[in-house]
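These are the structures in question, set out in turn.
Next come two complexes built around chain A: one with chain B, the other with chain C.
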Partner chain A sequence: MTNIRRSMLFIPGNNPGMLQSADVFNADSIIIDLEDSVAIDEKDSARTLVTELLKSVPINNVETIVRINPFDTPFYEKDIEVIKKTNIDMILLPKATIESIKDLDERLKDTKIQIMVLIETSLGVHQVFDILNTTNRCLGLMLGGEDLCVDLNCARTKSGEELLYARMHVVNSSRALRKFVIDTPFTDTNDFEGLTKDTYFAKSIGFDGKASINPRQIDTINSVFNPTEAEINHAKRVIEAKDLALEAGKGVFSLDGKMVDLPIIKRAEKVIDTALKIGLMKIGEE
Partner chain B sequence: MQLVKPSKAGTYESNDIYIMLFPGNETKIEVESIVYETYGDKIENVIFKTLNEYKIENVLVKAIDKGALDFTIRARLITAIKRGATND
Partner chain C sequence: MDILGYKKDYQLFAGTRSKIKPSIIKSSKNNQSNNKKRLSIKHVLDEIALKDGMTLSFHHHLRNGDYILNMVMEEITRRNVKDVTIFASSIFPCHKDLVKYIEQGIVTQIYAAFISGPVSEAISEGKLKKVAVMHTHGGRARIVESGELTIDLAFIGAPTCDQTGNITGKIGKSACGSIGYAVTDAHFAKTTIAITDNLVDELDDFQIGGQYIDYIVEVDAIGDSKGIVSGTTEITKNPIGLKIAKLATDVIKYSGYFKNGFSFQTGAGGTSLAVSEYLKKLMKDENIKGSYALGGITSYIVDMLKEGLFEKLYDVQCFDLGSVESIATNPNHIAISASKYANILDDCLINNLDFVILGATEIDLDFNVNVTTTSTGEIMGGSGGHSDTAYGAKVTIVVSQLFNARIPVIKNKVICKTTPGETVDVLVTERGIAINPLRTDLVEKFKNTNLPIKTIEELKAISDNLVGIPKEIDFDDKIVAVVEYRDGTVIDVIHKKNINNKG
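On to the complex of A and B.
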């Protein structure tokens, strides 16, 4: 398993058919959902189904995350009590606030389970830096556009202007703290052109990946977040030029007439690292 | 655990199993399955072992299977047990 997070797929926690196929959809991470996709009177059933799945069915080569119910619901404590005994990688905390992440961190203190927060309220957007900075156990965040728009009292549109501030703000806060940052899902599962455009936009402003609510969206999301052949080739040339400059004792050098400095080298190294991890390059090719 | 009232869990969806439990005078398992000829014994065995694990006796189990794997059979049965039982 890599720490590449181009795509994160939500899987309803009370759906055995989808759960038993969780690792075949090609998503980098799966999010088993105990919250919105599970009816109120089936919470107990989903919790047991997910626990039995995790105890007996190996989920291979995919990061496994469980979205629990929010802090202010009667299901929160029971979800944690059961899920913390499993071998998942991370818990996704919905409607995260400073108070709720502190509580979750305390409840997970004897486990290796990490936390990812779902920022989906106007207060959450406002407090995002402090929420992320509450604990080292918190590795990153996902923006939840649907609930946020309800809280903001605005319509959720495909073009997404209403989310512009929140998107920029959560990316900046995450980058400042070296945490990962995942964009909100694109909810029209039949509009692949819209999905592609929305995903390119997310990539262009700094998101690491995008959430998905349907397995059919995964290949599109992965391909947008993959480095292109041109990006990989350019990155290889930057690294080659850097190695030559080091040998020659030069601190600064140029490539194709443009100065290459540390940020460009770091970006090139990241492209190579990603390409290696997702198999677009083999070790030794760099 | 003692089953004190009828209970149920699961759905009729593909890959799931619908399980109903009724308090009775003896333990009896009735399974309807689209794969009964091949997997009927195995399904009954998972049910039987799970009932033993939870020390449930004198129960009628009616299961309508739609191709559930073992983890789903166990999970639905455990949910039905917890919904219908009391600890004593």
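On to the complex of A and C.
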């Protein structure tokens, strides 16, 4: 498992077939869902299914996250009670507020389970910096566009202008606190052109990755967030130039006539690191 | 060991390199009569001296919409004939009436490349008096052309037939495209009867020449058009199937055989179709053009022909209406016979095949594949062209989920060996790709790729860990079917299940 989170795939917590194959879809993280994809009269059985699955089925090489039910529902406490006894990596807290993340942090204090928040209300967007900053246990966030649009009283469109402020705002807050930030799912699962466009936009404004509600979207999302061949080649040359400059005792150096400074080196190192972790490069190639 | 109703001098399968060379007979039929038309099947049968022990042949191009077999058998059973052998290229659920005739002792033996539905259940239950013989598509042509079996009466469902008996499947209300499985029957049967629902004056373009036809009967309908193209012809939306298809396409890409002029065959299952879609994109991206696609043809392959990605399609059987329309209109979409497709005695096209994508119900650690029975031992299919194409293709790729509804695909030993492991090169599952260690060249090729290569033993261990190892099935001593390899040797037999075993 790496800390790369290009794609996060929701898997319904009441679907044994999908759960059993959760780790084959190439998603960097899977989010087993006890909330929206599980009907109210199936909450108990889904919780049992998921906990038994997590005990007995190895989920390999993929970050495992469980979306519990929201703080203000009767299922919240029961979800945490059983899920915190499993070996998952993170809990996704829906409709996160300062109050709810404080409560969840307290309930997880004796565990190694981390928190990720789902920002999907207008209050959540407004408070996002403080929510993320409540606890070190919180590693990052996901933007939930569908519920947010309901709260904002606007229509959710494919082009997504209505989410522009929220997207920019959550990226900025996350970056300020060095937390990861995941974009909302693209819900038309048959429109791969639209998915590609939406994912490129998310990448262009700073998101680390994108959530998905269908395994068929994962390869598209991953490929958009993968460093390109040109980016990898450029990064390799930056690192080579840096090594040569160090050998020559130069503090400052240039590449292709342009000055290379620390941010460029850091970006190059990140590209190489990502390419190695996702198998686009092999160790020794760098 | 004698097998009831099976040839006494049979030989056991001894590898694909065995030196068995069957003899070959030539067709000498040349019926130039201008008086072939009869009023009904009844009138034809009135003229023919029917006797016990006859062999009747049928083709399966009308698939699960076929009316011919049932309408012929209805007439046959009125005539107090017994011990009939049905030599059908495939049997589908629509042929359920056969069960009644099996129980009455009228039909005592069946030869087919594929059997599904009530007839396969009756055979599995041991109701057939003699063993069923499960051959391959190419093997069927060999059986006839070698003289091993003589067809007494061949009944050919003809979508269009002219007054001299020339037949085509390309046009007519029951058009099914290629009628490749019927060609050998027409050429070699003692008597051949064309049954058509579109009798025309004269055909210029035909697949079976009138000289091979002895009688023509016109009926209202030879099949139900809804069932005629009943193969699975939609790309899977199952994300696991799509992942497998993507990996299979990667196997093609990095195999060393993906270059201009390559040839390809895939089936009509959802995952196989997805491979053709991914392959289409790969060929465009890499600017590679293939020489031909072979086999049962679907609209997806037709699209590749239209886009210039393949030069020709050689078609023994059309799987959907798109391919039926194409074969009728595109001169590069060429109908071929089963013999030209896969007969070991013929200069057949499978021998030049580069890639074939195949399915599996079970595969064992030696890469032997079962597509004849279910995982619990009941007959539910058969080779069709499986073992023919696996033999011919340079890279035989089996695609399958590692397990389905808790039933694993990889077993220590398959219940029925349909296709020998020495002809199966790669297994692609959602959790990894196993290459047959016999293919050292491919093992070497894939070493430096990022593909999830594992041994088949490693894949089995993953599967066993997730779904466990199923209990062994308990079989009776009674043999209900013989599975013939394409050269006519016995590669396996199928036993009746023990009655107390619910599998």
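Going forward, the second predicted complex is superposed on the first by the 286 of 286 C-alpha atoms of A that agree within 3 Å, B and C clash if a C-alpha of one lies under 4 Å from a C-alpha of the other, contacts with A are read in each partner's own complex, and residues count from 1 in each chain.
The rule is short, and it goes like this: contacts are C-beta pairs under 8 Å (C-beta built on N, C-alpha and C of every residue); 3 or more make two chains touch, one makes a residue touch a chain.
Please read all numbers here as calculations on a predicted model, not as lab measurements.
J.: Give one of first, second, both or neither to describe whether A:Q20 is in contact with chain B, with chain C, with both, or with none.
T.: both
J.: Tell me the contact category for A:P215 with respect to chain B and chain C: first, second, both or neither.
T.: Second partner only, chain C.
J.: After the superposition on A, what does A:T196 contact: first (chain B), second (chain C), both or neither?
T.: A:T196 contacts neither chain B nor chain C.
J.: In the superposed arrangement, does A:L49 touch chain B (first), chain C (second), both or neither?
T.: A:L49: touches chain B, not chain C.
J.: Answer with first, second, both or neither: which of chain B and chain C does A:T73 touch in the superposed model?
T.: After superposition on chain A, A:T73 lies in contact with neither partner.
J.: Please indicate which partner A:V57 is in contact with in the superposed arrangement: first for chain B, second for chain C, both, or neither.
T.: A:V57: touches chain B and chain C.
J.: In the superposed arrangement, does A:G279 touch chain B (first), chain C (second), both or neither?
T.: Second partner only, chain C.
J.: In the superposed view, which residues of chain A touch chain B and also chain C?
T.: Of chain A, residues 17, 20, 57 contact chain B in one complex and chain C in the other.
J.: Spell out the part of chain A that touches chain B in their complex, as residue ranges.
T.: Residue positions touching the partner: 15-17, 20, 44-45, 48-49, 51-53, 55-57.
J.: Which residues of chain B touch chain A once you look at their complex with the stated criterion?
T.: 9-10, 13-16, 68-72, 74-76, 78-79, 82-83
J.: Can you tell me which positions in chain A touch chain C when the two form their complex?
T.: Residue positions touching the partner: 17, 20-21, 24-26, 57-58, 214-216, 219, 279-280.
J.: Spell out the part of chain C that touches chain A in their complex, as residue ranges.
T.: 237, 239-240, 242-243, 246, 405, 430-431, 450, 465-466
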